[in-house]
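Listed below are the structures to be examined.
One chain, chain A, appears in both complexes that follow, with chain B as partner in the first and chain C in the second.
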Partner chain A sequence: MAKYKTKGLDCWNRAKELRANYYKDYKEAHDRGALRWEGGAWSFDAVPQALEGEVRGLTEEPYGASVGADPEMQVRYQEAAEGKWGCARDLCAYLRNYWGSIVLNEFAFGGEWPKADFIFQNHICCSHAKWLQVADEIEGGDIPFFCFDAGAGAYDKIGERQINYVVEQLHDGIDFLEKVTKRKIVDEKLIQNVKNTYDSACYWAKTCELNQAVPAPLDEKTMFSLYVLGTLEKSNKDIAHFYKNLLYPEVKERVANKIAAVADEQCRVLGDSQPPWGFLRIFRYLEKYGIVSVASLYTFSLIGWWKIDKAGKLVPYPTLEEQGITIKDRDHALKLLAEGELKGKLMWAPFYGAKYKNDIVTRIAKQWKCDASIIHLNRGCEGTAQHQMEMKIAVQKLGLPVMTFEGNMADEREFDEGRTKRFIDLFVTETLGLKKVAA
Partner chain B sequence: MEASEILKQFSDVWELRHEYAKDWKRRTGGKVVGYFCTYEPEEVLYAANVLPVRILGGHEAPTLATPHMFDMWCPFSRDCLNQGLQGKYDYLDGIMATNCCLHPRQAFGAWTIHVPTPWNYWFTMPNAVRSPRAKKFLRGELEDFKKAIEAWTGAKITDKELDEGIDIMNTNRRLMKQVYELRKADNPPLTGTEAMTMVWASQLMDKREHNDLLKQLVTGLPQRKLERDTGVRLMIVGSENDDRPFMEMVESVGGTFVIEDHCTGSRYFWDEVVPDKDRLQAIANRYCDRVPCPNKDWGMEDISRKRFAHILQLAKDYRVQGAILIQQKFCDPHELDIPSLRRFLEDNGIPCYFLEFEVTVPVGQFRIRVEAFLEQIQAEELFV
Partner chain C sequence: MISAGIDVGGKNVHIVITRNGTILAKVGGPTGINKAEAAEKLYAEALAQAKLKREDVSQVVATGSSGSRVSFADGVIPDAAADARGVIKLIPSARTIIDVGAEEGRAMKISPEGKVLDFAINERCAAGTGTFVDTMSRALEVPVEEMAKLSLKSTKSIPMNAQCAVFGESEVVSLIHQKTPKQDIARAVHDAIAGRIGSVARIVGLEKDVVMIGGVAKNPGFVESLKRDIGMEVKVPDNPDFVSALGAASAAAAGVLEEKVEAKVVEKEQIEEGKA
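For the complex of A and B:
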């Protein structure tokens, strides 16, 4: 008999619907006279989405991940990027999926590649600006391009000067958007988008915080499908509503009623980086041993905003309501947006040193009551794979057993499923001393 | 001193870099700071009488680094960390890194944890160097950096000292550019290997001493005649490169590197600080305006690459017949640019050949490939 009750999420289908609509809306945008833009999951979508009329964005990383979930398509796209464009096969796997898609003039969600009207990008890892610089080049070099710098320093070094650096660039971005689209930025929309961004980022963090409960109400495999909405358009009112009014209350209720993600939870695992998207079944394989992956810096903070409180605990970043803030005008909106991203997105901290990552992940391991760690050494994304070996050492020092496996989030040619399962069997049975609890 | 003797001295510093730095400390009582990337502002370090030493390749299998950086990180960065873990840089008083590409950041991250170094500093260099906002932001970062050094050394850095720091760096840049000017000759008085060794030495030794040698070199070098055929005039472009065996090999099979674009070559020193009453702003302007690393080579509002036009101009000025494009394995910034750069150069009539570098390069295999490339260039010329 199972230890805990379990059931699927009631809001699951709504999450799927929001994602499907996002790609459909992007593809069909021009049919409705709407604008299309390309950017990244970290692009501060609140700004371009504040343009007059209908505007639809396509964020590069989630698109690359979607391709990655289909190994046949992914290999075809990557071989196009490598063979026809000539790029190295060790570049970011999402990026190669994206470029290959353009090279083949294929949209993973059907039809031809839907060319954007403009690019609104930001840069923090090596690839971001360059990704769309080259994408634009492959597409003929005629897509208006804007890229701002978000690499202003780690969260504990953010002051007025760092925030102003980003805000000034965002003002430049607004000038660019108005110039190239001949549309105005609507301040009321911008203000609402920033409020929505706060709701998405803070309520996702609050939802993750609930996973400290035993049994965990969510497993990482499910969380991957939930955080993705925030990587698509966290300023969108439907997405913010989903996080604040659907997901968070439902997960809270699961905790109150001890509804588990994995009915036989007996071991809680800390993860890191993106998984190999085409092989998420390895998480189901872990469940056979009662292992549930409950936490990772990546899953928590790719979109979620956090802070370290006075007691040294990792806690969700406060919403605007909790801070008692009413946005006054455009500049205030941009400042709050930059402040939230720069101070709250702790996932950016490892860009400034291994000590940051070690500090945050060890806090997570303790607060989320992790028993072990399984780290995907992700050859497909250097940004999220930063300091993974240092993290391994830090977590081991906490006394947690750690297993690492090499793979690639979106290049199946670099992932050996059979070998990984054999590693898991060995780690789980020999190191953790667990037996299978399910067939 | 004869030009050849001076070049030999540069080579000695490159080979005995640790002995040089230790001796410098003994002689001067000053502090030494290791750095990874050429976006770290040496002017401020010189103003504080701190010797900046770039962590360059050791070209040995980076076995000690493997538990800290798995092998998808660039071999150069793993090599740098490996030497730190071996204790080769045990004389460093400080280590610093900046917003360069992600690879050296891994080395720096592990270094700060595992290699005992009394002081470390993260310098936030803007990525969007062509943004109109970058220079002001960088000035602020320089102000913080200056304060951090003052707190560390216990001595205030005056404007006069900043002027000296700028002058040391600018003099070095100007003199090396004068040496590079001589490489435009039909028969350059120094090989590409020698020219790059001069630059490597500049990143390793006290630039005041380097400048003294350079002043003699620019006088003596025009009279120097090399007993070798220049052969095919080559350019080398790409990632960090301090691989002397490779450079020597190419120059032994019928080619001469007459110019290059590396952060261990011309890109390091090409641009000077334009003096200004606001010294820190002047330094900030230089680092934003310099020939960029591909990592920072994108416009805020356009996709053009500043570096490409610069490389093409170098190719024209130095009458380049072919370009060897190299990258350290896994070097994203260059991987992102190389397909476009190759097309760009070939469209402008410059044949290209691509090679991927590791900590040690397979010189024998590369020799055959380079010879084929040189033959191809020479064969094409037969039919012009």
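For the complex of A and C:
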């Protein structure tokens, strides 16, 4: 007899539909006279999406992850990037998938590679700006390219000067967009996009906050499929609606009714970094032991915005309504957008030092009542792999057992499933002393 | 109660049969290409040595990187768990275990009861494994046993930068061409691998007593290098390459029936998924 009730999410199919439509719309955009642009998951999509008419974006990382979920496809793309383009194997695995896809002129969602009309990107790690610069070169070098710097400092160092640093670049970006597309930025659209961005980012954080409940209403494997919408286009009204009006209320209801993600929850785990996408079944393997991965800085803050309150608790960043703010004009919209991204996206903080990461993850471990931690030492992303061993020590100091396993988020050649399961068996049965739960 | 532990590693199979904790037989040999066949053959030898029939053995527990290939085992336990059980039986004061086999080097922190508290393993690389030593002994044209003795004669420390077996071999060849005495090269090789394993051990934290097991523990040259690297005494039990098999036998004797049955289920699922 299972400890808790469980069931799938009612809004699950809507999430799948939104994702499928995103890639379909991008592919078919030119057929409808729409513009196509490439950028990253953190590219402040509210800005280019405010151009007149229909505009469709393609974000790099989720695309690389989608390829990564198909081991056969990813190896072909990786080898194309390495063999035909000559890129090094230790570069970002998403980036290699992306480049390989262009080299093969193959879109992972069917048909030929859909070339963009412009690139709107920001510097967030050592790979990101060069990523699309090279993508453009592979595609012929004629795609207008704009890149801005969001490296203004960690969340606790953000003031007017840092916000203005980004806002001024966004104004330049608007000049660029209007010049290369010959379309105007519509301020009403921009304002709505910023509101939508706040809803997506804040309601995702509120949803994650609900996972403090025992039993956890969501497991990380499911959350991976849910946060992805925000990495595609968090300024999109349908996506914002999904987070605010579908997912959040449903998860709240699950908590109220004690509906668990894992019916036999007996151990709550803190994760880290992107998972090996082609092998998400390792999370199901953990469930055989009643283990549910409930939290990670990555899953919470890749799109979610957070803040640390006066009591030292990690809490969702307030929505515009909660702050009582009405956006007045373009400049105000850009300022609010930059402020939310720079102050609320705690995921950026580890780029400024291990102490930030350790501070946040230990708060998460305590607040989300984690019993242990399983860290994916991700060879595919230098950014999220930073400080992972320091994080291990920090979490161990809380008294939590920690297991690490090496892998790669999107290059299956660097992940050994059998070996990882061996480690899991050892960690779970010996270190945690758990036995498998009844099927 | 008679129980058997079978450790199927990357290069060798080790089998121990015990009666109420006393070793009746221990047999080891190369895995060859077919690990399952090698385990079967060596198990027959072990039974003969113990003058037992198969049905006399109450439980058989396999371990090692290919433990799941042992079709006649009642179950499989993780190799580090077998290490811990074996070591704590032989050296109860052990708190840190370093196990270096042919294809893997790992370190574990264990409790006084032999529970694995933390572990770290060097992954996907020959550096820090017995295979690294084998490769270098070939480059030096000196058998491994001889290399161990040679390195103990060396008083000179030559840093080898290469952590990779391929580049390491090139470096050894360079040292040979520089007319570096073989004893110093042998020590350099052992120092390099000890440095690698020492780093792995520091991940879990070094706590007395440190015990080394696995095939490489039979190499006194390496053990000396490891002592120097970690700055601590390293205890090596007799027959260090059989400790994991002993641990598996100990697990069998302790009755891990539930785990055994479940391990079988997992293996079956993996085979059905075509992933085994």
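One rule holds in what follows: the second predicted complex is superposed on the first by the 437 of 439 C-alpha atoms of A that agree within 3 Å, B and C clash if a C-alpha of one lies under 4 Å from a C-alpha of the other, contacts with A are read in each partner's own complex, and residues count from 1 in each chain.
Here, a contact is a pair of C-beta atoms (placed from the backbone, for glycine too) under 8 Å apart; a residue touches a chain by one contact, two chains touch by 3 or more.
Computed from a prediction, not measured in an experiment: that's the story for all the values here.
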| item | value |
| --- | --- |
| Chain C versus chain B on the shared chain A, clash or fit after superposition | fit |
| Contacts of A:L91 with chain B and chain C, given as first, second, both or neither | first |
| Partner chain in contact with A:G140 - chain B first, chain C second, else both or neither | neither |
| Partner chain in contact with A:C125 - chain B first, chain C second, else both or neither | first |
| Chain B versus chain C as contact partner of A:G324, first or second or both or neither | neither |
| Which of chain B and chain C A:E406 touches, first, second, both or neither | both |
| Chain B versus chain C as contact partner of A:E417, first or second or both or neither | second |
| Touched partner set for A:Q386, first chain B, second chain C, both or neither | first |
| Chain A-centred angle between chain C and chain B, computed on Cα centres after superposition, in steps of 10 ° | 70 |
| Which of chain B and chain C A:D425 touches, first, second, both or neither | second |
| Greater residue coverage of chain A in the superposed arrangement, chain B or chain C | B |
| Smallest separation in angstrom, by C-alpha atoms, between chain B and chain C in the superposition | 5 |
| Contact residues common to both interfaces of chain A (with chain B and with chain C) | 389, 406 |
| Sites on chain A touched by chain B in the complex | 85-88, 90-92, 123-127, 129-131, 133-134, 136-137, 141, 144-149, 151-154, 157, 161-162, 165, 168-169, 172, 176, 350-355, 357-358, 377, 379, 382-383, 385-390, 393, 406 |
| Partner chain C, residues of chain A touching it in the complex | 288, 389, 396, 401-404, 406, 414, 416-419, 421-423, 425-427, 429-431, 433, 435-436 |
| Chain C residues touching chain A - in the complex, by the definition given at the top | 65, 77-81, 84, 115-121, 123-124, 203, 258-259, 262-263, 266, 270, 275-276 |
| Interface residues, chain B side, partner chain A - complex | 67-70, 72-73, 99, 101-103, 105-106, 108-110, 112-113, 122, 124, 126-128, 131-134, 136-137, 140, 294-295, 298-303, 305, 327, 329-330, 332-333, 335-340, 342 |
